[in-house]
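Presented sequentially are two complexes of subunit A, the first with subunit B as partner and the second with subunit C.
On to the complex of A and B.
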């Protein structure tokens, strides 16, 4: 098991490098460079050439990538071309916001999907099932930004500012800057709408998937056996059926992290949250290559680590699974 | 007819412009509190002399001070300068500084600091976008600690305008802090690196998070600022911005999207919506020349394959575009159709709309004369960048209008950096829709439209434009200057070097409890006299 984990951890390195390389090449291939944004109204061709030379932007893409990689190995994530700020510190300031958003979105998704799928499976073809599957279909079909705007209009615009429309309040003890709003209640108020906007779509997907798995599992012989042994319905459903039905769902949950990061870009922009999503999109728009690389690195790393954790979860869900 | 229609709007605008300070002055201001401000765009960085974008400038003019400021009615008032004098030949400007002005690091704002700041701006190594404004400046001399003299190469009629509001004005830097910290430190807004002499000190800037300024207790104007603190957040989505405003989470929206003004009025009836003279041009620029040798920015130029022909430029830009329809659709009527290069609110503007009446039949006939028709259809691209949704709307209306004259316009939507990349680097484009920047004077548009400017995207190479700009800037007689301004604006329309569509309205929104703010568009955004009546 340890060897397997070690091997998987080592596999992270080439995967992350590959992702950062692809992102690096793609960024260099799109029109525009950060020098245009940096110089702004002071732009002259002569100055632009000098700055490109100074930042090494005139060198071949591969050379630029190797330089970036060399610095990374020494723990230097580079600095933003536009603001001069160290990328790593900017990423660390913003990471907790996005992590909290993603974790809570997944929690929202599970809080909706688990009961809905169990009810849907156990009461198949009843009004409860139809309601759950219809809601799931609607949830899958509505994009995050639309749900976000609806929530915004309802809770911030319509109900007299019941929930704050934008910004962020940190959890006690997590303020990464000199000045920030810190309060548990404030944090909950600020994260609720974004987490709902991001989580509802995932909830819908998981509901459909988990319901299908549950339907399959509750017809298996071991569930019938459990019932025949006289077990009450609760342990039959939760311990025997649900746990086994979770395996494909957990796989999808891991993969959904990528979508959550993508969705975070939209949701954070809509709710003006100081997270990694807005950091990433601003970096891409301004062609700040160093920041884009930082964003790609951290999100790729998060994605592969979470999927590693997902693989490890299989052993808990199904003890027959062993890694060697 | 037109003036009768404009009168009520003028009165409303006047009321908006004047009511806030009056309201503020009628009651006695309350001290304390935090002003919560929302920006629609991120602050680029905090080196005030080089960073692009209004958002940075609106911070700069509160953290920093300059020599003079300009009032909404165009009068100059001293900032760090107590008084100033121009020599009879117009070549020397002598500024007498106030005695008690301090930088936030405690060092005095003296003549040496003024010289240091202007020299820094003029130094090519600084790479300041303001450098071109100082082209008339020969040197800055320290006469004594409180007197500084700016010597010009030639008379310059807009010296005070330039110091007050070109790219929103000169910001004085503390020489000690500037030398102690690097440009990178200043860009990042590191504590101690950004030192100005304005009413507020920079406390912290977290990119993507917030910018916090606190009252500078030793500010040279007694009793102000009233506020303890100003907190600026960036909210890019206008719907979110409106929701935050309605919920009372923010007190002031520094730049509000014109297409949402009606919704905001309906949703928050007591919101104080401020607007004024339209000083930003909304243009549909057409490329005039392309590099002959294919090398971008080459001095060897050839006519653009489509718009290099003046007849085509006039057919499309002058007679083929219905500006009234664009304003009605894109701005819901909240803008003025305007063909002249100087927007309706800019100094020395001239209404030259009569030179380009909408006449699709004439446009079509002109295109036929050039050889365009069913056998050789005119097809061109319009670039609309994604910075503002109104660009795309205008491009779409132009596309529709082009079909009426038998031309096909294809819209290319790109992001702002791609647009800047294409236009600044002489890339391939035919027409773009953009609003560029706010113009306080016609002179300030020189660096966007003379033949040598990098920012003159159409890349016309007409030296007469440069000559007209130079004559205009050097003419010290206001009456004669107006005549040159008229000649210049007519010349631009005759040659369609600058294809204006309309003015571009600018809106700021304040909560009713925000008092004492004087609206002066993008040019002067000061919080020193603002107070909160809560």
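On to the complex of A and C.
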């Protein structure tokens, strides 16, 4: 098992390298020049050449990538072309915001989906089941940003500004500068709507998947056996059925990570949150190569690590699955 | 005289009665689809949207791009049933014309992904060996990307524009990120089908590979392809709306639901309808394809349920 984990961890390296390399090449092939944007009206050809030299932008793409990689190995993620700030510190400042959003949205998703799917499967073809499946169908068909807009209309504008429509208040201890709002309650107020917007869609998808696999599992013989030997309904459902129903669900949720990252970008944009999503989209649109590389690196890393965690979850859910 | 052996009846499995034996799998699928009320609702929504998209010019009360500065932020009224936006453009006309863009991008990006992904998957699965490895590694490369990261960078590379060209760029970007899904799906089906005896018989008869793939392999992996395609259109429409929402889809003045929703978010406090209607349009369209796709899955490939 340890060897397997080690091998999988090593496999992360080529995947992340490949993603960052492809992103690097793609970004360089984008028409337009960040130096032009940087210099603005004061643009002169001599200044442009100087800046290109300073940032190594005059070198061939492959050389630039190797230089970036060489710096990365030494812990230097480069500096933004437009702001001059080190990319790593920007990423570290924004990471907690996005992590909080994603963790809370997954918590929302689980809190809705687990009871909804269990009730739906155990009371199949009753009004409770129809309600759960209809709500789930509606949930998978609404894009995150529209849920966000509906929440804004309800909680920010409809109920007399109950929740703030944009901005951010940091959790105590995570404020990156001297001048930012820090409060647990304020943070909760700011993160609630984004987490709901991102979580409801996942909840719907999870409910559909979990209900379908619960329906399959509760008809298996071991569940009948568990009931026949006199176990009460609770352990039968939770220990015998639910745990096994989680296996196919975890696979699909692993595949959903790519969509979750997109969802985070959209939700952060809508609620003007200072997270990695807004950092990434701003960097890509303004062609800030170094920042884009930082964003691609952290996203690719998260993507691969989550997929590894998904594989590891199998061994927990089904001890028969062993990785040699 | 040979008598037919009485086979045991299996509960909930439609055992073909002698008279129904001539029914093709397709006809069986249609029959099952017609029994599902939700699937029919999906079909009705999709059919209605296609009609709206095709006859947008006739149905829309006005031009989706003509602005009227005397009529900005007009509330819903008889003259403008869905109100007007900050440029005084009729929202109903924009929502109706937006149907065209959403359907066009949703359907054509999935078709494009199909036309590239299906042959790649078939060739990889059928030939195996080095061809398989090469094709599937290339597909894994695309799949290794978080879908939105790739779609966003592709759109920045293509430089978003307005009009038909802009729509084609979005279509291309979404198709590229969706190709591996079809290639993997088809390859998986082909791997099992190619071991079947009827394929061996084809080879023994000396049929050429393209013929075997088209006439004998493809029809047998159609069911999952059709189901994934229908549900894929729903996903593609969401991806298009999301790209437009981020300002990377078809550019204005071409009407696009995602863009309209985003552009009007700043004004929703006083004019809630502005973002509500484009959002509802996206929701109804995606719901239609999802209901239709779910129904098709139950009808064509119950194992996938």
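Just so it is clear, the second predicted complex is superposed on the first by the 317 of 324 C-alpha atoms of A that agree within 3 Å, B and C clash if a C-alpha of one lies under 4 Å from a C-alpha of the other, contacts with A are read in each partner's own complex, and residues count from 1 in each chain.
Note that in this section a residue touches a chain if its C-beta (ideal position, glycine included) is under 8 Å from a C-beta of that chain, and two chains touch if they have at least 3 such contacts.
Please read these numbers as outputs of a predicted model, since none were measured by experiment.
Trainee: Using the overlay on subunit A, decide if subunit B and subunit C clash or can fit next to each other.
Mentor: Once subunit A is superposed (C-alpha atoms), there is a clash between subunit B and subunit C.
Trainee: Does subunit B (first) or subunit C (second) touch A:98, or do both, or does neither?
Mentor: neither
Trainee: Go through the superposed model and pick first if A:270 touches only subunit B, second if only subunit C, both, or neither.
Mentor: Touch partners of A:270: subunit B and subunit C.
Trainee: Touch check for A:262: first (subunit B), second (subunit C), both, or neither?
Mentor: It touches subunit C, and subunit B stays clear.
Trainee: Quick one: classify A:138 as touching subunit B (first), subunit C (second), both or neither.
Mentor: Second partner only.
Trainee: Go through the superposed model and pick first if A:33 touches only subunit B, second if only subunit C, both, or neither.
Mentor: first
Trainee: A:282 contacts which: subunit B (first), subunit C (second), both, neither?
Mentor: first
Trainee: Touch test for A:85: subunit B only (first), subunit C only (second), both, or neither?
Mentor: first
Trainee: Would you check which partner chain A:43 touches, where first means subunit B only, second means subunit C only, and both and neither mean what they say?
Mentor: Touch partner of A:43: subunit B, not subunit C.
Trainee: Under the stated touch criterion, which partner chain does A:164 make contact with: subunit B (first), subunit C (second), both, or neither?
Mentor: first
Trainee: Report, in rising order, the residues of subunit A that make contact with subunit B in one complex and with subunit C in the other.
Mentor: 30-31, 149, 152-153, 156-157, 269-270, 285, 287
Trainee: Mind pulling up the subunit C residues that touch subunit A in the complex?
Mentor: Against subunit A, subunit C makes touches at 38, 141, 144-149, 151-154, 156-157, 159, 234, 238-239, 241-242, 245-248, 258, 261-262, 265, 268-269, 272, 275-276, 279, 282-283, 286-287, 290-291, 294, 305.
Trainee: Show me the residue ranges of subunit A that touch subunit B in the complex, using the header's touch definition.
Mentor: Listed in rising order, the residues of subunit A that touch subunit B are 30-33, 36-37, 39-45, 47-48, 51, 79, 82-85, 90, 93-94, 149, 152-153, 156-157, 160-161, 164-168, 177-180, 269-272, 274-275, 278-279, 282, 285-287.
Trainee: Which residues of subunit B touch subunit A once you look at their complex with the stated criterion?
Mentor: Within the complex, subunit B contacts subunit A at residues 42, 44-45, 50-53, 127-131, 167, 183-185, 187-188, 203-204, 206-210, 212, 233-237, 239-244, 246-249, 267, 296-297, 414-418, 420-422, 424-425, 437, 447, 454-455.
Trainee: In the complex, go through subunit A and note every residue touching subunit C.
Mentor: Going by the criterion above, the answer is residues 15, 18-19, 22-23, 26-27, 29-31, 137-138, 140-146, 149-150, 152-153, 156-157, 212, 257-259, 261-262, 265-266, 269-270, 280-281, 284-285, 287, 292, 296, 299-300, 303-304.
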